[in-house]
Amino acid sequence: MATLSIKDVRKSYGSVQVLHGVDIELEDGGFLVLLGPSGCGKSTLLNMIAGLDDTSGGDILIGGRSVVDLAPKDRNIAMVFQSYALYPTMSVARNIGFGLEMRGVDADKRKGAVEDAARLLQISHLLDRRPANLSGGQRQRVAMGRAIVRDPELFLFDEPLSNLDAKLRVEMRTEIKRLHERLGTSIVYVTHDQIEAMTLGTKVAVMKGGYIQQLADPRTVYERPANMFVASFIGSPAMNFLPGQLVREAGGVRFEASGVSIAMPARKPAEISERPVILGMRPEELKVAARDQASVTGVIDVVEPTGPETMVTVQVGDRSVIARVPPRFAGQRNETIFFTVDPASINLFDPDTEQRIDI
Amino acid sequence: MIESKRHRRMIANIATYVVLVSLSVFCIGPMVWMFLTSLKYEADIVTQTMQYMPSRITFDNYVAIWTQSGFPLLIGNSLVVTLLTVTICVVTGTLAAYAFSRFAFRGRDRLMLGYLVVRMFPAVMVIIPLYVVMRGVGLVDSRFGLALAYTSFLLPLFVWMLKGFFDSAPRELENAARIDGSTRLGAMVRIVVPLARNGLVASSVFIAIAAWNEFLFALMLTTGQGSRTWPVGLQLMVGEFQLPWGVLAAGGILSIIPVIVLFAIVQRTMVQGLTAGAVKG
Amino acid sequence: MTSSASRYLPFRALGELSETRYWMYLLLLPSLVLILLVIAYPTLYGMAISFREMRLTRPGLDGWVGFKHYAAMWSDPVFWIALKNTVVWVTAAVVLELALGLLTATALNRDLPGTKIFAVLILLPYFLPNVVAGHMWALLLDPRLGVINDILVRVGILQTYKAWFADPNAALAATILVEAWHGFPFFALLLLAGLKSIPEDLYKAAAVDGAGVAAQLRLITLPMLKTVIAAAVILRVISLVNSPDLLLILTGGGPGDATQVLSLYAFQTAYKEFNFGYAAALSVVMFVILMVFAVAYIRISRITKE
Amino acid sequence: MQLNKRQLLIGSAALAMAGHVGGARAASAISYWHHFTSQSEMAGLLKIIGLFQAANADVAVTQENIPNSEYMAKVSSAVLAGGRPDTAMVIAERFADLTAMEGLIDLTDRVNGWAGKANFPDNRWTGLSSDGAIYAVPAFAFVDWMYYRTDYFEEAGLAGPPKTFDEFLEACRKLTDPSKGRYAFGMRAGAGGFKYVIDVMEAFGSPIVKDDQPAIDRAAAIEAVTFYSDLFLREKVVPPSAPNDSYRQIMEAFRTGQTAMLWHHTGSLNEISGAMKQGEQFSTAPMPAGPKAHIARVAYAGNGIMKEDNIEAAWQWVSFWGQTDAAIALLEGTGYFPASAAALQDQRITGNPIYGAAVETLEFGRLPNNFIGAAGWSENVVNPAFQSVLTGQSTPEQAVDRMTQGLDAALR
């Protein structure tokens, strides 16, 4: 168990810079998720933490110790790979125990450790098999077993669930969370799946184009995204964006757009200039209301019940807005519909910089 | 519809067999003839009336080639040279192929092309200077020297082939091993090489065959019986005053046998190796 | 760390070295040294003597002569014939080998029962030394004792035995046939490996889309095999251009100059006339031709790109 | 690092001195390169080695057989790059090349002090001497002659073997019967065929080289090439395979009865005798005479010394070949004629009628052309030039011009 500090880490291949000065601090026992679309640099960052890639600059400390000059084997880390990377020529038991074997742990101790890990992951009955004879979920467990048996300072996960089918993925996600809670070891976890990020992470780093867009706990990332990229990348359906105008009024400000008028409290309304902004609101924050309470007015376009809830696509002005409403929604296409919105849940963005505006 | 599909499939199968059978005849026919020839008396070969099946059979030709040509010695030399060539290629070539496969460095493509380029300079002209170099280090007329010379044109081939096999061995496995406590070298030896084993065998067989069959270098770089290889020995026996056809044919048949034995042993591995796509696991 | 660490100390040290940035160069070092010693020096030496007069039988004439040999080549009719023959011979042999190899690989790839036996039978010629193959075919095609003549006469294709190596065109064709026989299994083997790595789904998808056999070959098989074909062709071309063995045994370049190729011409110039300077110049020209071919070919087919 | 030939030679000589050829038992061990390959040749050679060893227990001979066609290639690379043998077989056609590349050691003083010298008439030495210096000891001779099928001749009503080219042509016409698959003459135009092309040219009065200058008489040479190629092209008295027929093919054609006449030397007598009956089926005769000259080659082959290291032992070995017992052992094994006049008087030769034609040929036979570059010119120019006449790719005029140009280049 250890803290992880990434300080101004950069990476370039020739003249192409793929990471621009990344800074991250992870507390002891924390769970850091690196989230972003492919090509954002998250896997490169993970490989550099592991020592599989060299850094072009900056420093990485695990448990306060700089590791940039250490070989992967000397960093006391364990890693779970996307393709599991099980050694096809070895039995499951030997796969799990390989790291101990490399470190010269004697056979008896190794056996005990492997069995403990297997029990924890419920794969004791598979120990004699070859990886080729395992199902996807089983391989995943073996890969994790190989990581935990070593009791490292830091776990690294590289998109470990992306090769599993949807049902298994949910199952394994829970499993990983349970493991983390039991072992308490710090974890760095790379994924492009925002649900994994939300469910697993104590800290989420959203990355794009080699920059960290936002580094915060999952709730903050979801509710107070730093910019429009983060806002749209996280959440499904995505956050609704409506361009409009910010107007000052007594006791606060008001957002005005075609079919939309929302009053918002502001700490210092006097300092806010009247300007065009983009309003962002999560679909679940749109609550169906009576006409006289309405702050958003639109016409129903599509109604999609999913079972636990219903998605309604509404035409607001010249924009499409999605609302997540209770399951037994009775509205019809072309009916006019009214919503209220909790002003506290609303985010405003600068149309030019796409950054969040605090009011 | 189903009927016609089955019909079409059958036609395709028949066509496949026709192709395979005729190609086999094309390939094997000459060797069968060589075998029949090796069983005939010379008078039944050099004759005006063609004899298809030998009317009388003799094994004298085999006895003759075995006893008169120093055949066991020549074949032994060929084996040693082939083995040495494969060993040198495997040791140095595996390292190079691994480097080409795993490291992106400036000029990699150019260097790989360079490996190919060295194959291009005509053997005829390389031989004389090579002879000088070998002579300088006392390797003329030695099996090791000959193997070294073979390496010059077989190593590039080996590196090129093996790189492909390394490319298809997943990099993640190696990364996993490094994190598990192996060095790069350890990961290569323990994980990557075993994974590319079939490919290694296939590439080795290719160069072994080439070394086994080589003629020009062997002719020019060896003098004594001590290091002369089989193809040279055979050509030498043919010489100006010709070896009888039957004996020549017997020699030909004998020279395929070791290769067939080798191939029988490694065939499965080799085919698997050649067909190995990504190794999943 | 523990016992295993101290046991293999040299290996351990090498292992530590493998984590440094020098590792890559260390990996390349042995093969580079070998290639430089065994090939680069002799090659440069060979190039150097192409600018010298070096006739073993006229030691008095030794010395630098600049481009004399290259100029002589320009007006040497045999050189031009050999160049033409080399192009014809290599092209025809490689095309034939590629075609037969593709046919074989496609047939073997259908995995019908018995395929394994056929595969072994078809591969056998490749295992035969050139020397043996050459003499064997010399017997098969012999104008008096050759079984091929006998069969062709019996079947009625020929009236009388044909002297294959006595007629310029027949001689060239016959040597191409022998080379193809000897070399096509090489293509078959590589192409079969290539075919096996093409996902079955592609063919299924194409069949669903209504592509026939020809279209599947054109749209899937050939593009997917492109790299393998390119690599096989280039390796084969290099070895065919460079090795005179088969022709040395079968025809010695004759009749006339009908099967005279550059490698054989260089060999004869060097070892029959002892004119090493001119032979070296011929070799350099072959080298340049191969280089140009290889570079152009690699550019076009992009085989070094992944 | 750059090496010229001389440095190379010095370097390799030093190296050669440093590393002796093994041979722990005998006082000195010498190596001997030769191009004997057939069973009978090897048997003859081993017999000679046996005799030698019996007489000289302190010298061990290691023989290395090298195919005839690669012989000069090997020798030249040994000369160029080092690795010479102690002794080597030298045939007349290659003598000039070998001495020109400084491959042989001058033996004049040793030969002059040698008791056996008297057994060899002067013409035995000419082929193995250069500028008055002797470089090899004659051992045996290839005597050219003609084999012919006596039964076919009888069948065709021919009294005896042809004595002139006219008679030869006449006989050819009578002996050819394509319906029986029978041809009169086994022409060799494949490997080694140049020999007879040159013979015919000289028989028509065209010399090849005079005083180291090209001396081909264009008109005579064209006439000769026309005559010789017409046997194939117009008269069709030669098997259609002739352009690629080499030793093996002409021998097989004769042995299978396809051809009635064959030009070769005494060395093939054993092979033919093995296939058919001497006297009843075949006999031997001297080569027919051309319009201007009667040409048949008597090529003396000898043994030379290639390096100084073991020169005493090497000299013992090469001079041993000049002894009568050695010469007769070789003759009986192979049919190669002794070079020593003393051996020719031996009963084993004078008493055997089949050798009559050879003894007769010794009277008028010429030495082969012996100039620097002869071997390369013959093989690389004469052969393809003549073949291309046979295949219709060029005319006799073009072929002769090519030979002349090639000769100019070789001699310059």
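Letters are used for the chains, namely A, B, C and D, taken in the order the chains are written, and counting of residues starts over at 1 for each.
Simple rule for what comes next: a contact is a pair of C-beta atoms (placed from the backbone, for glycine too) under 8 Å apart; a residue touches a chain by one contact, two chains touch by 3 or more.
Only a predicted model underlies this, so the values are computations on that prediction, with no experimental measurement involved.
Within the contact network of the assembly, the step distance from subunit A to subunit D comes to 2.
Between subunit B and subunit C, the least number of touch steps comes to 1.
Distance between Cα centroids is largest for the pairing of subunit A with D. The largest tally of C-beta contacts between two chains is found for B-C.
One simple way to say how far apart two chains are is to compare their mean CA positions; for subunit B and subunit D this gives 39 Å. Per-chain CA centroids place subunit A at a distance of 56 Å from subunit C.
Between subunit C and subunit D the centroid-to-centroid distance comes to 36 Å (mean Cα coordinates, whole Å).
Each of residues 71, 73, 103 in subunit A touches at least two other chains. With touch defined as above, residues shared between interfaces to two or more other chains in subunit B number as follows: 46-47, 127-128, 132, 182-184, 186, 235, 238.
The residues of subunit C that reach two or more other chains are 16, 19, 41, 45, 145, 270, 276, listed in rising order.
Of all residues in subunit C, only 11, 14-19, 23-24, 26-28, 30-32, 34-35, 37-43, 45-46, 100, 103-104, 107-108, 110, 112, 114-115, 118-132, 135-137, 139-140, 145, 147, 150, 181, 185, 189-190, 192-193, 196-197, 231, 234-235, 238-239, 241-245, 249, 262-263, 266-267, 270, 276, 279-280, 283-284, 286-287, 290-291, 294-295, 298, 304-306 touch subunit B in the complex they form. Residues 41, 45, 48, 54, 56-59, 62, 78, 142-145, 160, 162-163, 165-168, 171, 251-258, 260, 268-276 of subunit C are the ones that touch subunit D when the two sit in their complex.
By the touch criterion given at the top, residues 13, 47, 50-52, 71-73, 75, 77-79, 81-89, 98-99, 101-103, 130-132, 146, 150, 156 of subunit A touch subunit B in their complex.
Put simply, subunit B touches subunit C in their complex at residues 12-13, 16-17, 19-21, 23-24, 26-28, 30-31, 33-34, 37, 45-47, 50, 52, 88, 91-93, 95-96, 98-99, 103, 105, 109, 111-113, 115-130, 132-133, 148-149, 151-153, 155-157, 159-160, 167, 182-186, 188, 202, 209, 212-213, 215-216, 230-232, 234-235, 238, 245, 248-249, 251-252, 255-256, 259-260, 263, 267, 271, 274-275, 277. Listing the residues of subunit B that touch subunit D in their complex gives 43, 46-48, 68, 127-128, 131-132, 135-136, 138, 140-141, 219-220, 223-225, 235-243.
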